[in-house]
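Note that chain A is present in both complexes that follow, paired respectively with chain B and with chain C.
Up next, the complex of A and B:
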């Protein structure tokens, strides 16, 4: 880390091609001039026609945009993936065990392994969840772990997204698009399929249905509606699973049970894959001004009459301040060493660390503890002096509101840009499902920072996506 | 699996809006053609005013306080965002409904509407004049045909299909009835039926608005006659935009829904009462009764079908 030349996933420093990329390199060689330009414009047209769009808040170019798709796939070798997926599985199991503990006996706090204050006074801690028994003991069923690579054998977990991680529809549509655009490329090597994600999602959701739900539980996807930035994904997943896509007003609670309003009257609902944040799901329990939620939903959940996926209160386990304790959490619950590393994180409430951070801010990344989507963060090396000064002030005013990490030299992948093919920084979000068992889709979503030198991959900040291939042996 | 009442409602309206966009385009096409051959110069064209009336847009248009010349009316019917039934608003509403019920329609149906909306959003209204206008109107009709093709070719024949089809034909019945009502006086039997130039022009306008000016000849083997035209658009079961065809179709759809859900309701009775108006009657009887009164009652009963569907299947 700290090395200024980033790791290139395709080329070795001597210019030779790394093993997993050999077939791709040969294929790229064979493409006639302009073939990639054509593919790129075809891809854009496909995505727009299919309506694979997202909304950018505060953008004045209309409300729907197509997320840029890069036609050059990102490739992960089989043995690299095996290592990653083991580490991911370990992490999600430990985090779920942590959630169970935090909302029950709180052994980890009693053992003094994590400061009590950090949990109990954290706004992401949901006291309403205390003592509740979720089906199969699982809180976070759908997880997107953000991983970055900095070397041939060096991966770091940036964030564990345990609330309502999005982007899985892009993983699936990117593969669809890639197979349409370059079918011949798939014939040259074995790429692990991702298409069974919706099927696995359905199985996961069925496996956590309440006891009385019967063999074919009624599953719905709860969306805030068509103006939400991820609406496409909500409808896509509902469609792929054969579940009903609901908005808050389509559901109601009667006698502690949840029903949907159908053409023939009320119909019982067993599992709700909700894509609405905790504080909006039930105006009677959480934010009273929420128009998106279902009054009484939380009590129905508490009574065990419906399963909420993910459970409310999972945010305490992916809080940026709790993140630094994940290796500790893995050891405490599983008795194992963490297989995947955390990014070293400086704690600004500690005076010594804070002073060091303030002095070196130009080389560091500052993130708001509760920020997301690339908002409220500053990447030191690519920010102005004025920005450095601004964040210094912010940290001094509220040291507990920020975490600070070294600027990682994210790996790069060849990417099609105006100037031809050039390396751009990427990250990786594999999608994990946890119900009766842990199911990890090989690969995940690769996000790419399309601006030269940029390390911010978020789609809201000019990032694009790539199809992600895990090769099979 | 039973569908949400809201989904049923969205399907019903999605299909109504596609049909409405098509009808608006056809009406405007007729109005445009008529204005080309009209001898009147400048000011408001009578034909365009009747177009607006048939589209039930005359009051909204009057608020604009603009002369009813071709460009102004065309813009108003095609693009005006303040006009709830402008083609643009119809396509947008259809697309928004489709997006909301994306899971209840097929990819082909969605892509048709989404693609149409994207293309339409790109159009700059000021570029659309003359031949461009006719080209665009043709495109709107094609959109409707393409959507219907995708619907008939790809969707499951379940309750959703019937809601879509019911919406389509309730809208169409309403449209045909309004076109007839707008020009009912030229259809009335008169003592001196001479069929002068103006009459023929008016009749052909009515037929064109219902895409019936060619098929008329196949059915009647005769020149345009008021009585035949009224008969064709109201009582001929083989004419796919006639009142009787629409009414029978609507009844069949709501009966299918009753079969699907295992029980008839008010909407079945409403649909039967709509159909009974055009079943086993003749134009003579209708003329004797009063054409305008008849059409007014037909439109009211058609609305009752719509409202009772909404009641019976929990649209909300």
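Up next, the complex of A and C:
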């Protein structure tokens, strides 16, 4: 791992086309010159029209950007997907069981399988959640699992996202755009649908409504507002599932129940899909200066009168330091071996490992424990000597603040770039819904590093997306 | 001892507020050291309030006011029968695991000067805790306090009200020192808070679960009765034990216990949004019945 040629998802080493890509290869052959160039510019027009934009923090323009879309889909074979989705389901079930346990009896800590300190002293652990009974025992209802592929049969989980994973709107819009751009391609093979995601989301949210909410619970999407980088997605999802999009001041708590202000008077709210970070949801329980949240909301939740999706405190399960224990967590709660592998991770608080890391930093990937979106991260092989030195210093100063992993040779997919079709590195974020049952949308969001050789796929760092196809048998 | 309490506080939301929500941690529970004979929390809207157990096992009220006008008055009255058990609370049911209270918060970061000398102590945990209580008193109210003023809290908070002498009355002062708390909620903070935080932070640094406790203190000839705070630390043998580092004693039958939490913020007796100028103590009487 790490130093070999990256796995090409379309071509075998001998140049022949891999099975799942045959129909696509044939279709590409048939396309006249310039067809892809035209498709690419059509795609841009479609996305501008759909209004899919995102804001980059710290960018001078401060404006909305269209996330780059690549017109060549990424294809996953049916049996590959079956294996992946089984592994994902196992993982999210175990992580939810873990959350239930650490906010109740803490058996896994008593058993000494995870150091108590790592959980109870972790800033992602929410003591306010202790003893709370979430509906159906589910904490993380919406999960994005980041997966990378390094071989024909070798997948690794890069990280789990159990707070408020974003990007699902790109998955949906990528498919919509692709169906407009190349309808004929969909007729050559059976592609598993993703369009039912909003409906499944709705079903999942309904299934975790508090007891007494009736047969059609009132669901709202709570957004921090138009300045949030994912505001488009919040409004898109609310619209797609027929829920009301609201901001903190639109909601209020009365008698321990949550209501929405409407022109026809207060309306009871049962389930809140909140896209506001934990510490801002309720100034009475968390940050007293939060203007985004709803005073009393957390207590209404504790009293069992409303469901928050995802539950506060789920971040402890996707903490980068806890990540290394996920195989242990799966064994402890399910009595099974993990089906999906973790990326080997070096612990810098261990002196021996730290010394090795400092000596080999040029070959490694360094991530901040609480960082996300590619911020606070360094990819050794593509960074300068000055960057290496800077991160060495950072690790020495705060070894517990970083995790270090080998540089993975992420698989590549054919991608349409200026020079024509060329391989570019990709990752995959499948979206999982967990309520009365586990619902995994086939495929997910493929992110692609558009720069040649780059391994950073984050949209905030110049990455793009691809439509992701799971073939049906 | 049979103690009678009457405590009035007020908070005034800014004029024109559409809605105010108050969280009250003002309901004690019976336990090893006290039996609640009667207890009553009164304020407009309390009838419709939601009552629930918070994560730390406290009984909380959530009261809301639509278009609040002027001052919101909260009146607590009650009678409690207390027993002196040298501070030993034991292991009451319905509480989170003690290990939770090893967690340090921004308010309870203690300086190593407080606890350093106990790090390799061979003494029993109980002995360490008593020595630690003495150490906190020594550093916070002795003549040496001048030079130690940053030793027990972060952000350069000073202990101006408490240095050198014990305050005659625990005035509810606005909370300061933690940036994000300044804007919306000025919390009541008796000077005893500094003592409790220092003790708690030091105990946690030594790996001992410790928590912040609010309550009332019955006064005597020297000291007036007051709203008071202290600490509790966990011992595997005895369970939770109270330590009052400002008074340098384990709570007696003059202490009435209200609520517990990680720190002053999580055990705040009255938290309101919007809070206006914060919580003001209107009147307090704690008497032997």
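Keep in mind that, in the parts below, the second predicted complex is superposed on the first by the 471 of 473 C-alpha atoms of A that agree within 3 Å, B and C clash if a C-alpha of one lies under 4 Å from a C-alpha of the other, contacts with A are read in each partner's own complex, and residues count from 1 in each chain.
The rule is simple: a residue touches a chain if its C-beta (ideal position, glycine included) is under 8 Å from a C-beta of that chain, and two chains touch if they have at least 3 such contacts.
Given the structure is predicted, the values throughout are model-derived calculations rather than measurements.
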After superposition on the shared chain, which partner residues are touched by A:132: those of chain B (first), chain C (second), both, or neither? second
Once the structures are superposed on A, label A:296 by its partner contacts, choosing first (chain B), second (chain C), both or neither. second
Could you look at A:399 and tell me whether it touches chain B, chain C, both or neither (first, second, both, neither)? neither
Contacts for A:256 in the overlay, against chain B (first) and chain C (second): which applies, first, second, both or neither? second
On the A-aligned overlay, A:121 touches which partner chain: chain B = first, chain C = second, or both, or neither? second
Spell out the residues on chain A that touch chain B in their complex, using ranges where they run on. 48-51, 218, 225-226, 231, 235-236, 238-239, 242-247, 249-250, 260-265, 267
Using the touch definition up top, name the residues of chain A that touch chain C in the complex. 106, 109, 116-117, 120-121, 125, 127-132, 252-257, 283-285, 287-290, 295-296, 299-300, 302-303, 305
Within their complex, state which residues of chain C touch chain A. 19, 21, 23, 48-56, 60, 62, 64, 66, 96-97, 99-100, 102-104, 180-185, 262, 265-266, 271-273, 275
In the complex, chain B residues that touch chain A: 1-8, 96, 99-103, 107, 110-111, 114-115, 118, 159, 261, 313-314, 316
